[in-house]
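These are the structures, in structure tokens.
Heads up, the next two complexes both have subunit A, just with different partners, subunit B and then subunit C.
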Partner chain A sequence: MREKATTLYLGPQHPGITGNMMIKLKVEGDTVVKAQTHVGYLHRGFEKLMERRNWLQSFTIVCRICVPEPDPNELNYSRAVEEIEGREVPERAEWIRTLMMELSRLASYLLWFGGQNGSAGLYTMPQWSVGDRDYILDLFEELTGGRVYHMYIWPGGVRRDLPNGFTDRVLQTMDYLEKRLKQYDQLMFENTIFQRRAQGIGWIDPAKAVEWGVVGPPLRAAGFKSDVRIDDPYLIYDQLDFEVPTQQGSDVWARALVRRTEFQQSINMVRQIIDKMPGGPVYNKIPNPMKWTIPAGDAYVKAESARGEFGYYVVSDGSNKPRRVHVKGPAYVHGVTLLENILEGANISDVSFIMNSLGTCPPEIER
Partner chain B sequence: MAFFDIKGLVTPFTALKQFGKAPHTVTFPYHKKETAQRYRGLHFNDLEVCIGCGNCSTICMNEAIDMVNLEQIEGKAGDSGLRPRVDNGRCCWCALCVEVCPTGSLNLTKDYIYVTPDADSFLWTPGVSNPEGKDNISFHSDVDTSLSMFDRVPMPELDGKERVKSFAETMLYYTEEAAREEASRCISCSLCTEVCPDHMHIPEYINAIAKGEDDDAIRIIYDNNPLGEMCGKVCTRRCEDVCALQVRGDAVAIRWLKEYAVGRAETAEMLKEIVNPDIQEPNGKKVGIVGAGPSGLTTAYYLALKGFDVTIYEANEYAGGMVMYGIPKYRLPMDSLNKQIDYMKSIGVKIKFNTKVGKDITFDEIYKEHDAVFVGIGFQKPYSIGIKGEDAQGAFPAVNLLFDVNSGKTPDMGNKVVVIGGGNVAIDGARVSRRLGAEVVIMYRRRVQDMPADWEEIEGAEHEGVEIMPQTIPVEIITDDNNKVKAIKYLKAEMVADDKGGRPRPVPIEGSETIMEVSSVIGAIGQEADYSFLPEEYRNSIEINRGRMVVNEQMQTANPKIFAGGDAVNRTADAISAIADGYRAVKAIEKFLMN
Partner chain C sequence: MTENSLDKEQQIVNHLVGTFQNLTGKVKRNRRIEVSIEKKQITSVLNYVKDHLGFIHFSHMSCVDWLEDGYFELVYILWSPEQKIQLLVKALVDRENASVENADMIWRQLNTYQREIREMFGVNFIGMKGDKEFILEDWDNMPPMRRDFNTVDYIQEVYFERPGREDAQNVRETISKRTGEEIPEVATKYSRD
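Let's turn to the complex of A and B:
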């Protein structure tokens, strides 16, 4: 006997995910037949807001586009503005920016560790990883003055130089995280429950991954060696020694392994950055922000965020405000179209789990 | 993988090893987290340092900052009297307000806990609501990190040695690029507008220059000042003294930007084309103006625009008054001034040159022929120095020297000149004498920092090799048998604090008497007005108090038909005040005649 289909509304709250979105599930038994995402809870209209803020005022709101990982927004916005204006960035600022990017990747992955396990009902991990994330937030606080929204990378460089003794504390935190990573392994990757929940679940067809616009860890877990840091090096990534990990499974498990390996890579990169960082100024001062105009032109810049390629398209008409800022984040593709695709046939209990494995970030989807 | 993977089931239990370990978390409220040195917490504003420029409020796109009046703060020159009030419900702690604060008074503190059941108290005034914040400052901006542009674009000048060879203009003035950059420093706080006697629209025209709209800038300047280029060269620029940027850096070069803008129009015709004023139909009313100085010219220009029939009576060959004859040509070239005056003539201002009122025409005639009269005669009669030997040959007032030189004469100064005084006229006299080939010494009673002259003028004089002798009191001019200046006797002075709290007074040091051989002595200790042209009946109909005509707020004297302005009325005795007087008189005359 065929079971009668029912409609289930999942969300808008989701464990381990920042922000709100809803998934309308058509289920037969406990199997999802059709999934439809409903966003609209978080639209703040940043792209439009920026059109009536001047170039500097816009810088303070871009970080809010993605709560768990604001720094790629700041970086992209700044790099786009610098590219249009032709503004030089001091070398040290580029290194500090890279340090920020990798620390932000670590913080973002720590939140993901929590979310991925939390959505599988494994609640120790969120307690640990979110707590450990705070040690990175402490570093951010010390460097930028803010824990979550840093507003630190701005056009021309970074706002302030590293405080005294900051690099030592970064290295201490890296040692601590490396030690903790072994404990995470015991709790997560060596855990039968997690293994059985993750393996073979949320499969993305590698043949269609590129066509669907999948980026970042999900794409690398499908066997593609794709990473903006390698393919199109920005900042000083070409001076760092690191590998792009790939997996073939293309399931939640493979994606988790990719992120796990990248976590270690980022720790190593932070150490390299601190080791090689040159001295010098950190900021090429902009003119008076109220009268700062940027020549007409446009620029597309991209960076590798923890969730994948993150692009900004900025257009200037020569005035003191952006004519248009378009944000192309990975979460829109992952959290809306891809999610709807791969949820078909999934078990209800795996929906949140799969959603987390894609790095869904509603505030970034809606902006 | 076997279904029952024993190891995989047991390993997670290693987490139990964490049991009993101290927590990572802070147990609030027993412990409070110590925030970082740079933490962006609640605001603190140093009320004494803040000047209420409102830049914090302008940059804040959350509209979290309002500028409000506080009981304990009174506005004064260079301080709007307003202070920022932050709505903590709107603030996002981006600290841009801190980055753009020109004075550095606004900071963020380490405090971050603010709990209240009263939503209204979210509006709080940094520095008033949290006086203890002073010891808790975390995120701040110093001169290096601030987004204010503290350094002025340098003004190109002729070299000091080159300058003394001729009367060529010493300032080379901004190029277009330099002017744009300098203009872009302005934060549009309008503190300057408040102190400008004429309340010129300073932020507006600077903004136009920054945007590359020079023609707009000229039109904005001409809205209430028809001698913009003159002011751009020689104004006393009180605006720059209160510029928000001068608290921690250099004031915006407001004067030179004005010069740049109006200087773009090279001829009177170009000026007319750009300003393109709306000239009203003649209204049949006639206004006579005594003196073609800044106040008279201003009155004439704006009255002419309003359709009045305006005639200026000027004693000299050229218009401009003290600006023409009292300011050396290396500061204000004649063709610059004439351009501005030719433009005025082109819109209908009539000037009768070489017509001295009281000699070539009586005041009575002017009074009867016109519906209203504006008197802008200025201060032309110099004060005497009041020491022995003042009537000697070779001792004369600075204004006479300037008049002669500006009229094309080259008086013989001898080889060593002493100038007595510390104002702009003294410096002008000294620098002119230097150009006439003499060695020059300025004697001033007080210290250099007490000199009322513009610091740039003092600096310019020093560059040209003028020696300044501060705390020096001349007592006698020694003459030879032909009553010609031979030497000057002077005393050194020490500064003694004033018991009444005034500025320190110079007191001669006994026995410090010295004699210096000189060829000329120039006195520059002030001027007064000459009312000899006014017949007794008119002098009695207006009130003259301590050498100045008394006027009401509309620049109207006790005789309702006579208006007055300029040095002969106001105490500040500078061109921009005269222009302001003229501008005010226009409105009053219009009201008087048209209502």
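Let's turn to the complex of A and C:
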């Protein structure tokens, strides 16, 4: 006998994800029959705000678009402005930007470790990983003055050079995180409860993954060697030695394994960057910000964030304000069409778990 | 960069120019191509580049309001994972009764972009399934991302100051009165208020 279908509203507050988003679930018993993403709780009008601010004032806004990972926003905005204007960036600034991006990836993965386990009811991991993330935020604070929002990567380079002894402290943190990773393995990846919860859940059809717009770890977990850092190299990623890990399972477990490998890769990359970083200036000075105009033109730039391809489409009409800044975060696809699709047939208790595995981040769905 | 390194990009542009009437295109730089088409060609060009030229990954769709010129510019951004080339497809749509054909049958996720652009710019996508709101609920004003939508006017019309907050209308002036500090000239000159 078919059970009577009922409607369940999940959210807008969720364990483990940053921001607010509701999912309207039609359920029969414990099984989701239909899922519909419902956003509208977070729209802050950033893109409209930027049309009224000059190019440098807009730079202070972009990092606020995404809480778990603000740095790709700063980087993309700056790179788009530089591409339209043709502004050169000093080599050392490119290396420091890459260092920031990898530290940001590590911080974001630590938050994800917590969210993914928290949504499975395993609450030790969030305590550990969010605590460890603070060590990276300490580094950000020392370098930029801000723990979460840095406003550090700006058009023309970065705001200031590394403080004395900073690289030593980064290396110490990397050593610490590498040791902790072994403990994370014991707590998470060798944990039968996590394995049984994650395996076979939230499966994405690899045959349709590219066409559906899946990016980042979920795409790599479906067997595709796809990474913006390799496919369309930016910053100095072509001078670093790293692999793009893939898995074949295309489920929550496979995505977790991909992120686990990338976490180690990012630690290795940070060490390489510090080892090879050249000297020199870090900033190619911009004109008076109040009178700074950018030639008419447009650019779409993208970076590999911890959750996948993060893009910025920026248009200038030749004035001192952006004509249009349009942000595309990976969650724009992952959190709407993809999530709605793969939730069909899932158990209610797995909904948050699957959301986390896709890196759903509502603040970038509605900016 | 040598001329040869742009051969692949130029070949794609030439191919598209030879295939579609009224299509213009250029190589912006290494790995970056841009083509401009008429709005009635949108679905046919997107279908063609996806099926025949390997641009299978849909990266982004945007809309730019060129209020002074009277049109919206729709921009479709595609990526070819095989050739590692990014293609921008641009089409102009009149601002008055703006409407174009729906293209979400080509990439499913395009539906989300179109829903947002419909709400924020008022562009109608003919044949798009589902008329549910995406972000804005019960909105009966002008689409808010249009350039002629004045956010400040809207806020002043709709919202009101909480009683007792009247003295905080101008934060700089209020602080200046309390402390006796002078407001620097640069702060008033470049203030957005």
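The rule is short, and it goes like this: the second predicted complex is superposed on the first by the 367 of 367 C-alpha atoms of A that agree within 3 Å, B and C clash if a C-alpha of one lies under 4 Å from a C-alpha of the other, contacts with A are read in each partner's own complex, and residues count from 1 in each chain.
By definition in this document, a residue touches a chain if its C-beta (ideal position, glycine included) is under 8 Å from a C-beta of that chain, and two chains touch if they have at least 3 such contacts.
Source: prediction; values computed, not measured.
> Is this a clash or a fit when subunit B and subunit C both end up on subunit A?
clash
> In the superposed arrangement, which partner chain does A:291 touch: subunit B (first), subunit C (second), both, or neither?
First partner only, subunit B.
> Look at A:206 in the shared chain and tell me whether it touches subunit B only, subunit C only, both, or neither; answer first, second, both or neither.
Neither partner.
> Should A:149 be classified as contacting the first partner (subunit B), the second (subunit C), both, or neither?
first
> Just to be sure I read the superposition right, which of the two partners does A:124 touch: subunit B = first, subunit C = second, or both, or neither?
first
> Between subunit B and subunit C, whom does A:323 touch in the aligned arrangement: first, second, both, or neither?
second
> A:302 contacts which: subunit B (first), subunit C (second), both, neither?
second
> Per the contact definition in the header, classify A:12: touching subunit B only (first), subunit C only (second), both, or neither.
neither
> Does the superposition put A:333 against subunit B (first), subunit C (second), both, or neither?
second
> Would you tell me the residues on subunit A in contact with subunit B in one complex that are also in contact with subunit C in the other?
Subunit A residues touching both partners: 53, 290.
> Which of the residues in subunit C come into contact with subunit A in the complex?
Within the complex, subunit C contacts subunit A at residues 31, 56-60, 62-65, 75, 77, 81, 84, 86, 88, 107-109, 111-113, 133-137, 144-145, 147, 151, 190, 192.
> Write out the stretch or stretches of subunit B touching subunit A in their complex.
1, 5, 7-9, 11-12, 14-15, 24-25, 35-40, 55, 58-59, 61, 92-96, 99-100, 108, 138-139, 145, 147-149, 181, 183-188, 207, 210-211
> Which positions of subunit A touch subunit B when the two form their complex?
So the residues of subunit A touching subunit B come out as 53, 56-57, 60-61, 122, 124, 131-132, 134, 138, 141-146, 149, 151, 159-160, 163, 183, 186-187, 190-193, 195, 283, 285-293.
> With touch defined as at the start, can you tell me which subunit A residues reach subunit C in the complex?
39-40, 43, 45, 47-48, 51-53, 210-213, 224, 226, 231-232, 290, 298, 300, 302, 309, 311, 313, 315, 323-324, 326, 328, 332-333, 336-338, 366
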